[in-house]
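First chain written, first letter: the chains are A, B, C and D, and each begins at residue 1.
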Amino acid sequence: GVGDRAAQIIHGALMALVILSVGAVILESDPDNAARYGALFRAVEYVAVAAFSVEYALRIWSAPDHALYAAMRPTQARIAFVSSVSAIVDLIAIAPFYLSVLVAADLRILLFLRLARFFKLARYSPGIRSIFAVLEAERKALAASGIVLFGVVLFMATAMHIAEHDAQPEAFRSIPAAMWWAIQTIATVGYGDVVPHTPAGRIIAAISMVMGFVMLGLPVGIVATAFAEEIHRREFVVTWS
Amino acid sequence: GVGDRAAQIIHGALMALVILSVGAVILESDPDNAARYGALFRAVEYVAVAAFSVEYALRIWSAPDHALYAAMRPTQARIAFVSSVSAIVDLIAIAPFYLSVLVAADLRILLFLRLARFFKLARYSPGIRSIFAVLEAERKALAASGIVLFGVVLFMATAMHIAEHDAQPEAFRSIPAAMWWAIQTIATVGYGDVVPHTPAGRIIAAISMVMGFVMLGLPVGIVATAFAEEIHRREFVVTWS
Amino acid sequence: GVGDRAAQIIHGALMALVILSVGAVILESDPDNAARYGALFRAVEYVAVAAFSVEYALRIWSAPDHALYAAMRPTQARIAFVSSVSAIVDLIAIAPFYLSVLVAADLRILLFLRLARFFKLARYSPGIRSIFAVLEAERKALAASGIVLFGVVLFMATAMHIAEHDAQPEAFRSIPAAMWWAIQTIATVGYGDVVPHTPAGRIIAAISMVMGFVMLGLPVGIVATAFAEEIHRREFVVTWS
Amino acid sequence: GVGDRAAQIIHGALMALVILSVGAVILESDPDNAARYGALFRAVEYVAVAAFSVEYALRIWSAPDHALYAAMRPTQARIAFVSSVSAIVDLIAIAPFYLSVLVAADLRILLFLRLARFFKLARYSPGIRSIFAVLEAERKALAASGIVLFGVVLFMATAMHIAEHDAQPEAFRSIPAAMWWAIQTIATVGYGDVVPHTPAGRIIAAISMVMGFVMLGLPVGIVATAFAEEIHRREFVVTWS
């Protein structure tokens, strides 16, 4: 109907405004851009905060009409809505602006809070919500993999610290220093700013790379399996409803 | 029969001509080669365009005989064929030649159009068509992963911009500059042209690498699962037909 | 009950002590930290060894009450417990301290033994135990992949040694030297300290990278499949019990 | 029985000899080692070739007793055996030695042929045979992925050649030169010897990295799925036999 059409247009406009205002924050971080286009960035910010504030107010206002809170009294429904993740993201999208007017806040934290409005996109995309659902559901398995990965990094770093300490006393001076080498090797990033020079160090590096191959199977296995199931479940729902 | 044999030989010759003419475009891009073997490259191009033009004309001519367009009138069938992806690829394979004769076109766009004839190979290979089918079918899930990946790149770049800005004012001068570091770290490429120097920056880098491990699970999970199903479906068809 | 609560608190305190004492070993490896906070690190070590010693003694003492050894006589149960992996990890967590008091042991081996107490964490986390169970179960398939990987590294290194030997006599002087290039290329680490310069060398490198893509499928396939099954089995148990 | 025990010991000795002689070839490639331990390497080679020759002769001799060739006449069985892959590997393991005695062969090809005896290990390990079986079974899907990967490398290289040609006329002087950058980026190796400097080049690089993430899903999906099925099939056989 006409209402659906209007809702679609408003959704589209809000998504465009999210992208526009995140783009403005990104570009404004360059001092040259900030000096040259400062007025434009401020204008985008004012429009975005105004629109997001109206959206937030309207969503609080209409919370009692929402199917999720139908059984509650109006005030109860509004409190329940305000404490939902979706509403908190909406609040964070506008809060930094008002905060910076009221108090002299740390600019760096403001930067993060302003970029957090990127997460508003998740509200409009079932695909993005699926990805977050998968990461949320598998957080324990991912954390366990993370601890095992930390253990592998720790042991390979210790071995390398012992093997390369004499050849490169600065790069491998301590276990934390060697861990910088170990994580970039095991994650197969390999910047190349720290590289073993001795034969023993190179053998330890080769073992670390093979460990990285095996370690990679853990998160890929967890995320890939869970995501494939999530996709199947959605298809199942679509097929039978 | 004899006709099948002849069709196979013509198919093989056309595939060889695709490979030969793409190879000529690649080699010709080197100024030394262009100067030395220019006549040879032009000869390959003339032969290829002539053969592909005849092929294109014959495919339009015989479109009404094609099973897909059997129910249509000849003109309708030819229009339907000309608007198919396969026919558009065929047209792009020859169009740049005629364009460059008629008008003074941008040489760089011509280069891309001439290389597009590489896609003609897909017509002859069911395996390549399967891969495109998988990517096409999963384009929404891949796009959602791409947006999440962009979000992770954006947040890690912002954190790094704040952490390393004072130590390396040039490499991490803005969020876009830091994003160059972030994407090559999270995609585990790690050129090493931009590397954090401070302890805080290295911890942010280590977190980014672990995020890259997890992020890698999304496209691998999507593509691997869909491709495994595509292979199974094909095998199923083979088993029952 | 009250006993459960107390057990939980003691478990939590022991885990915190594991993390604290591993952290102390890591930080102490930096000579600056060792000089400045030496007393603090020693204090953490004394407290940790004392607590882990009491824990070890009590676990030996109460071994006959353990469900696993219920059918055995007390002495038998204690001997069975002491030879279990879990008890050996507990012993390694305290042994280096007593060893270093009794004999002048190699400091580097002591470093490894002290870090081995990191594995005590596995006792408290079913997720970590699952990961070790998967790696243990698939050790034969992983070993076979490792041998094939070694073969690929060996052949690509030999090809590169032949191709680049004249251009870079030092970096590719022998097959072992070229293997250092090959493993970091096939594992997609790519430090960039050794890079081919000749066209032939770059073609061999490109083939090696594609081999690395394919090789990566082996450990990922083994670990991911086994881990997905492990997760399913656990869920199955949870559903029916 | 005693025969089984003896067969096991001989198998073990032959495997050890394969490892020893491959190790000798690797180490001998270093001119320093060749000069110092030349006599030792020659001794290992003589023993290995002698043992492998006797093994090859005995396997030809006993071919008619082999279950596979039971239905054939002795000469037929021996010819069938000699043309099997396993026997050809055995022949390649000894041929270079006799060749180098008879004719003045190219030393570099001899090096490859001598290392080919590494494949003798596959005969003794069902795990390695499984891996080769998977790669053999999926060779068409892997080839199709390889062609698509080549297409992606070609198009990203062409885009980069156009974007970076003016900024770095040497590194991106032609499409083949840019392909060296493209393959190491898409395969996520990232040596860092060739890196884009312009904003346009960095955006093309970022797109290439994301393409690499997606491309990685193809071989991993093919190999991982096929390998998981291979493992299941083996388990199925074990369960029912």
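Basically, contacts are C-beta pairs under 8 Å (C-beta built on N, C-alpha and C of every residue); 3 or more make two chains touch, one makes a residue touch a chain.
What you see is a predicted model, and the numbers here were worked out from it, not measured in a lab.
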| item | value |
| --- | --- |
| Same or different contact residues where subunit D meets its copy subunit C, judged by the half mark | different |
| Chain of greatest Cα-centre distance to subunit C | B |
| Whole-Å gap separating subunit C and subunit D, where each centre is the average of the chain's CA atoms | 29 |
| Centre-of-Cα separation between subunit D and subunit A, whole angstrom | 41 |
| Junction residues of subunit B - those touching two or more other chains | 179, 188-192, 216, 220-222, 224-225 |
| Subunit C to subunit D touching residues, read off their complex | 140-141, 143-145, 147-148, 151, 154-155, 158-159, 161-162, 173-177, 179, 185, 188-192, 195, 199, 202, 205-206, 209-210, 212-214, 216-218, 220-222, 224-225 |
| Residue ranges of subunit B in contact with subunit D within the complex | 22, 25-27, 29-31, 33, 108, 111-112, 115, 118-119, 121, 125, 127-128, 130-132, 135, 142, 146, 149, 179-180, 183-184, 187-193, 215-216, 219-228, 231 |
| Complex interface listing, subunit C residues touching subunit B | 188-192, 220 |
